[in-house]
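This is the structure I want to talk about, given as structure tokens.
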Amino acid sequence: MGNTFGRLFRVTTFGESHGAAVGAVVDGCPPNLEISDDYVQLELDRRRPGRKLTSPRKEADAVWIASGVFEGRTTGTPIALIVHNRDVDSSKYESIKDLFRPGHADFTFQAKYGLRDWRGGGRSSARETVGRVAAGAVAKRLLEGAGISVNGFTLEIGGVRAERLDALENAAGDALFCPDAAASSRMAERLGEVKRAGDSVGGIVEVRAAGVPAGLGEPVFDKLDAELARALMSIGAVKGVEIGSGFAAARSTGSSNNDQIGPEGFRSNHAGGILGGISSGQEIIVRVAVKPIPSIALEQDTIDSSGRPAKISVTGRHDVCAIPRIVPVCEAMVRLVLADHLLRQRAISERIFERIFTGGRSDG
Amino acid sequence: MGNTFGRLFRVTTFGESHGAAVGAVVDGCPPNLEISDDYVQLELDRRRPGRKLTSPRKEADAVWIASGVFEGRTTGTPIALIVHNRDVDSSKYESIKDLFRPGHADFTFQAKYGLRDWRGGGRSSARETVGRVAAGAVAKRLLEGAGISVNGFTLEIGGVRAERLDALENAAGDALFCPDAAASSRMAERLGEVKRAGDSVGGIVEVRAAGVPAGLGEPVFDKLDAELARALMSIGAVKGVEIGSGFAAARSTGSSNNDQIGPEGFRSNHAGGILGGISSGQEIIVRVAVKPIPSIALEQDTIDSSGRPAKISVTGRHDVCAIPRIVPVCEAMVRLVLADHLLRQRAISERIFERIFTGGRSDG
Amino acid sequence: MGNTFGRLFRVTTFGESHGAAVGAVVDGCPPNLEISDDYVQLELDRRRPGRKLTSPRKEADAVWIASGVFEGRTTGTPIALIVHNRDVDSSKYESIKDLFRPGHADFTFQAKYGLRDWRGGGRSSARETVGRVAAGAVAKRLLEGAGISVNGFTLEIGGVRAERLDALENAAGDALFCPDAAASSRMAERLGEVKRAGDSVGGIVEVRAAGVPAGLGEPVFDKLDAELARALMSIGAVKGVEIGSGFAAARSTGSSNNDQIGPEGFRSNHAGGILGGISSGQEIIVRVAVKPIPSIALEQDTIDSSGRPAKISVTGRHDVCAIPRIVPVCEAMVRLVLADHLLRQRAISERIFERIFTGGRSDG
Amino acid sequence: MGNTFGRLFRVTTFGESHGAAVGAVVDGCPPNLEISDDYVQLELDRRRPGRKLTSPRKEADAVWIASGVFEGRTTGTPIALIVHNRDVDSSKYESIKDLFRPGHADFTFQAKYGLRDWRGGGRSSARETVGRVAAGAVAKRLLEGAGISVNGFTLEIGGVRAERLDALENAAGDALFCPDAAASSRMAERLGEVKRAGDSVGGIVEVRAAGVPAGLGEPVFDKLDAELARALMSIGAVKGVEIGSGFAAARSTGSSNNDQIGPEGFRSNHAGGILGGISSGQEIIVRVAVKPIPSIALEQDTIDSSGRPAKISVTGRHDVCAIPRIVPVCEAMVRLVLADHLLRQRAISERIFERIFTGGRSDG
């Protein structure tokens, strides 16, 4: 239980890494949106860049829309998005099926359910995110109609930080989704070193949402930032989430952290586009901390399911870092939150966008 | 909409800062728990320390249990917890009722709803958290029965960090809920400086939960860390949440970040007690970044509801920092999450605690 | 758990018969609706007619709006509606507190929770419906703005059926909410006989909703008729619900039961205004079967909480029939369903009303 | 929106009549239950008896379990149950795609969504119930472990009523799921007459649940009878639901309708096994009114989507009555409700069954 997300725009995902299929059912999508296999596939392909440095496992990941779309348009009924698992070889997991891989969910799944599908990590595999990304594509279409765009990029990998953030549009074309080409090269070097060492690294992803109208978010528990935090923290490997200035705000003062306001609008964006849990009309900015991939070749101590000590070295086609593949997943989750709250706000208000900054806009 | 929290242990809060009352309805609490006004009041009193450095506003905050408790025990029916607002003087807000205070939710509430209760910040006031803390007291009683304890403390205020964390039990008795007495003194000095400057500061709160059985949390969207992130980010002023190593994990390697396992249990706790979104049986560790109080005496630029420029200086009985008052609120939210997931896990499993580390425990 | 109703327009009720208070929290109500104590009180007063034949217990039932309304208008935040219990004397329940009253929920509450508030029936008392009716008043205001009106009436009491249904507006002024004055007299006679015999009777209530736009209801599980059935069956004493022709449709043929369609609209309304779980724009018609009040003076067999046989005769200020007091409760529940679905439909559609019957309407 | 059912045992269905597939995702099923394709298929086959008098359309309906089951057992993760639509020919719907079939949801889907999948009725087709029945099979397995069995039968078709109800176990083997063989023959005759007349009929289905422990159901809105009413009314063609004596209780007196209690247990079951919305431990009895199939060969008046008058005669492979095919659907919905409430009760109580009737049981 816990595989459904959203109140009005609702997504239910299913599927294990080496099971028959992974996928999602999107319920509550408004009718008359253009959706096609190709449109959804684009997002799935971003998740599977097939680029250097990411896992060589070739995931065809061809999406099959099994319901909810008629003559190229959504009908208002549930949209089932199914991706068959192919290229699956569970044999290499046979030898470690009785061991709890450190940093993985093997132990906790066993503790919770009393049994687990050990093939490829089962439901706790990153493979699960296929359903999120497919559903996120539907949300993307809905948001496009409202003028909202969501873009993620790599801010940091293995301690190497992108410094030039003046051309974020470059991220989409970069192998590591990093907008700073020079930093991307250094990140790639760092990934190579780590791989050779049999180790792994983490990093930081930033997602920004532009065009979000003021008014989205439902205090006090379904605040927009609270929902974003939940959505992003629910992604495997994410260990921290911050909005706007985030943890830096903890060391700031009110006079510098407050975003002062003029007739032209807010004069800074330390808030990250959210005040009191409600979008302010500014760009929404959120960052997530991604831990190192727990599967490493270096030998580690663990126990088996009987509690006996064992050594484990996880080899195979594993990524060295969850970034860049996690970037489209983060975008998808932000889109799911925004799509849901866009509909929620529509329910109580005919006007979605509150025009207060008339002065500034007449200039722009 | 968005004022209900939890799936089985469900809390609905209500109330504005200067309205008639604030409170909560707890639905889904198991029967036969001992609950009294006094027990709930203890938690409310922690939120209102009446100590130096916090707001001089005297909040009586006497809780009234209006339903759901009979002869000192919960009956399984909804528990209404109501606190009348007293000592309320809205007149000082008259002069700024038409201005959007920078860093506050005035603008976004206006944008969302088209009107707002400007008295004392209305629903966006920290006063709202009375309902959270009262409900959290009920959750505390439930968790006590399961051997779970939740304790928060001040890790950092205005850049001053607690270094000695070897006696966390000292936090409860400290004026700033800081376990490091020396750091607490420096924090107090820092607060004094800031107050004299007409400014404010933020800080970092850490919450730990001990005795949590392995198995709590519901992948993939209702993972325990995801729910904690949502719960804590929903508190006003919180701009970041991290679990275990959190953002530091982003700069770590797999070999150092993975918690290796021996027959005696996990050998470190970078995970913060949660793997794959499910509790591991280790201590749960979560930290939140708290932004500076936005109400400052220093003059700031803003606009009025017609978009005209204005100056604003917020004076009155305001705290300089949301800490320490936010600490019991953070504890309450962690308790609400754990109580809900304890019940959720009970629904699918007769045994709550999975005993795998038999070796280590027979020693201890 | 189970005390919250609705997805967007959400109501949480609380309170026991002889506890301190009963009430409701309405979350998700759109802002800017005019709501006052007086407006809510009107509905509460309908539930407490103070007329002949109903329980002599004088319930002041003065509602207190503790939050969510500012300067006479809803603000979009939770609306707490609280009614103190006065005129409460639990002493007469002392003698039967250990007995399970036949037809009551005493036994099942004990079985479910292991303990129960026996004073006045606790949470299982009809007193609980005060919260429903108060919340329903808020829904009524929302529906008024959309041109929707909901009216209930007494169709049958103790086997006496209202035959003249051509002037339903007369029901509101009738002591038994019966639109047929002659039938109402016979019903009153029947109630008198039954009372003298120490017995009780049931009846049938019909509720109609006019002005409901086509398009409300969410297949396949949250169909409008499904939600109405749940809403009405959740009222104590209700044992059956039917829509339109209802059980009579089971004995009909397709050719007579289908509502044929002309350019002027539907030519009959066997469907009761709902097709495929979605409102058709016709009047919504629903009926509920109300069982006899289980509290009777006649002696009955029962057991005590130790399983020993006992005799029980329930005397005191009890109604002989749940009608007419249940009529406003039925109206309230229908309003809560419609308010919720009105908001749900707004979320996916800008136009609420689909105009297809242009021909018929240009004539009218 | 509205395609998810249940709070803990949660089912999300998807699929159109002539789309690619129909199915369900079951989330929240406890781990370690034995589930196989064959087990689910048994229930799907009951829905498709392949017997005389039902639609000749041959539905292979082979279920594919795409996730959540490992080595023949549930793992606690979502169970995706998918049935491809085969034998689909939409061409015969081409000619009426612009007409609103009387008694169908064509008009209301168009009004709600602005467009619709007209092929075979799209989402409003009875084909949708495949997902319910597949999910219901999983619930059945869960209930078996708790000693609960659910069985439905045909009480009435076209005015012909089953009189002999002393051997309900005969229903499963009867072509019309009727336990009274003589009545079944008359029902078959009636169906033949109606079919020859180009018309259709309705009927009444009764479902009974045995072995349900006392204590299931969550007052005040999620009462067990309220949830059953919603679950059953959500099935297409159902226009009424009653519990126990149902509408007959409306004409009864308290002295005859109350189920008196002795040390051996309840002495009658007018309540239908539910008191105050909570199961009493007695057999649960619920009946549903099924309207005549709206698709009839007889010519009817309607309009097209432009509002112009038209004649329509619906021919093809349609059933004359929704019974018997609806019987397994009704069983499935009752199982889904009971499975959900069984888990909900487990969450708050270690003991599921309250033993009060010790006297009676020691005899039996």
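The letters A, B, C and D name the chains in turn, as written, and every chain counts its residues from 1.
What we mean here is this: a residue touches a chain if its C-beta (ideal position, glycine included) is under 8 Å from a C-beta of that chain, and two chains touch if they have at least 3 such contacts.
Being a predicted model, the structure only gives us computed values, none of them experimental.
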Recurring contact interface, reference A-C, options B-D, B-C or A-D [over half identical by residue number]: B-D
Geometric centre distance via CA averages, subunit C-subunit B, whole Å: 39
Gap in Å, rounded to a whole number, between the CA centres of subunit D and subunit B: 45
Whole-Å separation of chain centres (CA-atom averages), subunit C against subunit D: 26
Shared interface positions of subunit B, touching two or more other chains: 1-4, 8, 13, 28, 31, 76-77, 112-114, 123, 219, 344, 348-349
Chain contact graph, described as a line, ring, star, complete graph or other shape: complete
Subunit A residues touching subunit C - in the complex, by the definition given at the top: 7-8, 28, 30-31, 76-77, 219, 343-344, 346-349
Of subunit D, residues touching subunit A in the complex: 1-4, 8, 10, 12-16, 19-23, 25, 27-28, 31-32, 64-68, 70, 73, 75-80, 82, 112-117, 119, 122-123
Touching residues on subunit D, where the partner in the complex is subunit C: 1-5, 13, 100, 102-105, 107-114, 123-124, 128, 156, 158-159, 194, 199-204, 214-223, 225-234, 236, 239-255, 257-263, 267, 271-272, 274-281, 289-296, 298, 300-303, 305, 307-309, 344-345, 348-349, 354, 356-359
